[in-house]
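After this come two complexes, each holding chain A, first together with chain B and then together with chain C.
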Partner chain A sequence: MAFNLEEVRPSRPSLPPTAEADAPAQSAIRAYLLSRGNSAVSDAAFRWLMLLSGLSIFAIIGIIAGELIAGSRLTLAKFGLHFFFGTAWDPVSGHYGALPFIYGTLVSSLIALIIAVPLSIGLAIFLTEMCPKPLRGPLSFLTELLAAIPSVVYGLWAIFVLAPILRDHVNPVLIHLLGWTGLFAKPNFGIGMLAAGVILAIMILPIISSLTREVMISVPRSQREAVLALGATRWEMIRMGVLRNARIGIVGAIILGLGRALGETMAVTMVIGNRPDIVKNLLSPAYSMASVLANEFTEAADSTYLSALVEIGLALFIITILVNALARLLVWAVTRGAPARAS
Partner chain B sequence: MPSRYQPSALHRFRRIAANQLASALAIASTVIVVAPLVAIFAYLLFKGASSLNLAFFTQTPKPVGEPGGGMANAIVGSGILLALASAIGVPIGIGGGIYLAEFGRGTRLANFIRFTADVLNGVPSIVMGIAIYALVVLPQKHFSAFAGGVALGIMMVPTITRTTEEMLLMVPHSVREAALGLGVPNWRSVLSITLKTASPGVITGCMLAFARVAGETAPLLFTALGNEFWSTSLGEPIAALPLQIYVYAISPYNEWHRLAWAGALVLILLIVLSVALVRYVTTRGVLKGTA
Partner chain C sequence: MGVGIQVEHLNAWYGANHTLMDITLHIPANEATALIGPSGCGKSTFVRCINRMHETNPIARVTGTVRIGELDIYADVSPVEVRRRIGMVFQRPNPFPTMSIYDNVASGLRLNGFRNRRVLDEVVERSLIQAALWDEVKDDLKKKSGASLSGGQQQRLCIARALAVDPEVLLMDEPASALDPIATGAIEDLIHSLKGRFTIVIVTHNMQQAARVADMTAFFSISKGGEGERWGELVEYTTTETIFTNPADKRTEDYVTGRFG
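Now for the complex of A and B:
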């Protein structure tokens, strides 16, 4: 949601500029009133309480990181970096290699991005630049709704509707047309890497498209008008006036979608097939980092097994934090300071 | 003398064609995005409504093979978990939002908190589950509703913090100054004047966070664990609607699949209702009148 602050508070008192002109919260009147009262103790206590609440965000991140590192120190010490390159996952004989899961997570997220990115940018273009006004509200509400559906319900739908459709109608065509690439081959179960990628695509669509919309809206109207005034068609206006200005923010939105796809658990667990193999065939069952946690965490009997799983969680945590931080910085770089436009 | 550029007919045709093609693609992608949503909802309504009956809301799960049974314990369990999560997440989240908007505005610390909240929002829920498992379940040595509530509660914090801040920023300065001018202490002015003015938006944020964690399954897998029987104790494993849907969906029994669909419909209705309520509240918010 982008709000135009200047519009909402037009009545800033026009006092002579103070030394604290940078901090808009402290007008001269306010500073005077604050220093006058005799409720200094309760005010200070309140302020500290609120600061504590704000700092709890750091505490949460810190606790998560601390617990994950503490929980995985056994395998961290034992396997080191080899943990992430080992391909054998065999808890019975004590072999722990996380590569099949990393591979599954990356490939399924990549499939999701390939499907979701063009669609969500198309949707964002339609909603911001082309959509007739009466349709805009309901359509954006619908896409918001898509974001509100719980992961487990997507999984349920994917098992009973999406996987059979893929198995009976889509996969045979893919095998026939693109079988020579080696990416699509029998056995065709319906569930597998491709099904996971498709359901992930549906799930990250609303995130990417709503952020892309936000970024596109923050491109000033004058840019569009300038391009149109030079005689551009609407598509040329969108391409040169809007997309070119918003591209960093759109990349940020895509990376944010990637972050969501990497950590998505339930829906993927339900359709990816849960087999720790690295195969080229996208129709065969695979496994992902999040789904191995969901499936095996409560069954982990010995401490090395548990530690190996926690280390996968730690890797997932670090990856998603980096991906999200990068995405946020990119989105901020575009939307910060840009005047919000009433949409 | 300025040169005159005369575009050829072919060139013009190509530009117009590109324009039409782009429009068609944008419309097509909108249709493709809306289609699965409609498909999911239609199928859910069709499958869920036909499986929904009174027993679903009043009975506990039956053993495999016996027909009937319901998810009464899971519905109550979800309620308990969400109440606990809200009790933890809402005050901390709103407090953080108040700090960002009222005290820390423009400071480096506030920017950093805001950024961290956004990043925390993207941390996978299953990772939260593992952390809470290590923090709460391991020392207690058993799964419990309390651990599930904590996991969901801390997931609510970043969302609520950010929306509360955004809403408080919209409150005009004159309102705060009027309160302070009447001699109201600052803490009172923040709680009774600023927060109250922004309350529709703040409630929106809380409801959105609520709707998000209401459907979470992954963090409950190793904290609340799930329960086939009645349990309302915070110290025992507890059933939850999303967990029950998951367990039933991956089971091989048709009867359980039926119940999973019914459960999914109930869960979605719960979430859609709260989101719709939120939209209703925000579109007729108090804030519009003050601007």
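Now for the complex of A and C:
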């Protein structure tokens, strides 16, 4: 009973001969296909349409940048680069320096990231790897609901709920424990840089966590099994088999969250304190670029003032681009040589 | 050196599906044992029960005992400890795409806390030599990622990764089914060179492959009950030669001669 293919091969039924009845139908299909031509026109039209969509991005960016530069001609000519490094903002006496706003935007966004990144990655890990099934749906729904709340509502909540909590319960502890760093000191109003950072953290949490969850889910099961088979614990499996493969997507999620934090206007305006100072103390009032635009645009009586505000818009535009470029550079440096995603 | 595997009355389920029915099988140490059988007969589930990977699926369930050497893996230890002693190679090569070739091989050791560079270098080289991949990759160990290799090389990389932790048993779940004939030949040669040092259990749907690499062969089949239920069971387990030349069971004969499956 050794292998003898000829003997053991089961007899297979041969294919039925082409039925005569099918012939007319088949030739109709063939005739139709032949009559379609080479589709060169529709293909070219499609290509041009897509090219146009791609190029429109350049046009939009170009128009925005052009408008911002044109609108800030006056102050650009008058102060030059000093505008971006000046610390005094006094429209009455004609002093315009944007540094306090740049500082406020960057620091409040940084606080937001420091709070939101670990929290949202933790939430994403819990949702994808550990959450009991019945809880998974409601929890992701609630997380995504956070993203749908209008920012003015966040602002109101921050004024009436968050700021008093910070003032009465959190800030005293921070002053007591970390006062020596100089980052937390009296006077303790509740509103200020820290409050802005915390409300921003809550606002960007849903973006970062839901995108992180998506990339974690897309890591193939074979990667998790590869790590488990090596004798990994659950946490080691998540670290080596999931987070490592998802890291580029996670950085992308963080960049998107940061983008929202940098540009957020309403909620920040309501709790940051709106004082153009650069101080180390995170509990004192500060100001951000988007906030000063929202607050002072209607008050800009003379053309220099208006030009200064538009130039702050330009600065925000440039800083957003710079921060994004830097983040991408970071991703590139970390993952150099390694392919972007799991196979 | 490898150890033998004693499987007694093993039952496995996926949800309501009784995937494996009462399997008793003694796998000898330092030999290659092939598991063959039609799709759905539970041969993959069987190897996944040996390193407790089956239970990582939330709807999966196992009863019975499996002994690796003297160790009762379902009673004495945690699944993590079991998997540290047993290497596994999967159907599709699954190297870590974000790691270099070196880091792929070292991953099992690093996971368990090895940091000594000299030891790691040594183990990586030894494992890649054992997996017959060293000559092809030695010049770009740290430059190239695991995913940049060809399919056959990736699978040998995965074998090197499994060998690096010096397992007592090496499980291979259709390790060549995603590879071309030349890469398959390389994997089979590799299995030949590894048995004697490791206990190898290989699942394959390719009977010639089982005939070429295995000392012992187990034939699994699907049985059907009265009310539409079906389960996988062990039909025959003996030396590879006997299975292919003089099987005792009619079902085995039909399968190995190509009349079924």
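Operating definition for what follows: the second predicted complex is superposed on the first by the 257 of 343 C-alpha atoms of A that agree within 3 Å, B and C clash if a C-alpha of one lies under 4 Å from a C-alpha of the other, contacts with A are read in each partner's own complex, and residues count from 1 in each chain.
Keep this in mind: a residue touches a chain if its C-beta (ideal position, glycine included) is under 8 Å from a C-beta of that chain, and two chains touch if they have at least 3 such contacts.
The shown structure was predicted, so the numbers you read here are calculated from the model rather than taken from an experiment.
Peer 1: Check the residue A:114 against both partner chains and state whether it touches chain B (first), chain C (second), both, or neither.
Peer 2: A:114 sits against neither chain B nor chain C.
Peer 1: Applying the touch criterion given at the start, work out whether A:177 contacts chain B, chain C, both or neither, answering first, second, both or neither.
Peer 2: neither
Peer 1: Touch test for A:39: chain B only (first), chain C only (second), both, or neither?
Peer 2: In the superposed model, A:39 contacts chain B only, not chain C.
Peer 1: Considering only touches as defined above, state whether A:88 meets chain B (first), chain C (second), both or neither.
Peer 2: Neither: A:88 stays clear of chain B and chain C.
Peer 1: Of the partners chain B and chain C, which touch A:333 in the superposed model: first, second, both, neither?
Peer 2: Once the two structures are laid over each other on A, A:333 reaches no partner at all.
Peer 1: Applying the document's definition of touching, compare chain B and chain C: which contacts more of chain A?
Peer 2: Between chain B and chain C, the winner on chain A residue contacts is B.
Peer 1: Thinking of the overlay built on chain A, is A:244 touched by chain B (first), by chain C (second), by both, or by neither?
Peer 2: After superposition on chain A, A:244 lies in contact with chain C alone.
Peer 1: Looking at the overlay, does A:233 come into contact with chain B only (first), chain C only (second), both, or neither?
Peer 2: After superposition on chain A, A:233 lies in contact with both partners, chain B and chain C.
Peer 1: Could you say whether A:28 touches chain B, chain C, both of them, or neither, answering first, second, both or neither?
Peer 2: Neither chain B nor chain C is touched by A:28.
Peer 1: Where on chain A do the contacts from chain B and from chain C line up?
Peer 2: Touching chain B and chain C on chain A: residues 1, 3, 8-9, 233, 236.
Peer 1: What residues of chain A sit close enough to touch chain C in their complex?
Peer 2: It is residues 1-3, 8-10, 220, 222-223, 225-233, 236, 240-241, 244-245, 247, 335, 337-339, 341-343 of chain A that touch chain C.
Peer 1: Per the contact definition, I'd like the list of chain A residues that touch chain B in the complex.
Peer 2: 1, 3, 5, 7-9, 11-13, 22-25, 27, 29-30, 33-34, 37, 39, 42-43, 45-47, 49-58, 60-61, 63-64, 67-68, 70-71, 118-123, 125-127, 130, 139, 141-146, 148-157, 159-161, 202, 205, 209, 233-236, 238-239, 256, 259-260, 262-266, 270, 290, 293-294, 297-298, 309-310, 313, 316-317, 320-321, 323-325, 327-328
Peer 1: Could you please specify the touching residues of chain C with respect to chain A in the complex?
Peer 2: For chain C paired with chain A, touching residues are 51, 53, 56, 80-88, 90, 92, 94-100, 107-108, 111-112, 143-145, 147-148, 158, 161-162, 165, 244-247, 253, 257-259.
Peer 1: So in the complex, the part of chain B that touches chain A is made up of which residues?
Peer 2: Listed in rising order, the residues of chain B that touch chain A are 15-16, 18-19, 21-23, 25-30, 32-34, 36-37, 39-40, 43-44, 91-96, 98-100, 102-107, 109-110, 113, 115-128, 130-131, 133-135, 154, 157-158, 161, 166, 169-170, 172-174, 176-177, 180-181, 183, 185-188, 190, 211-212, 214-218, 221-222, 225, 242, 245-246, 249-250, 257, 260-261, 264, 267-268, 271-272, 275, 279, 287, 290-291.
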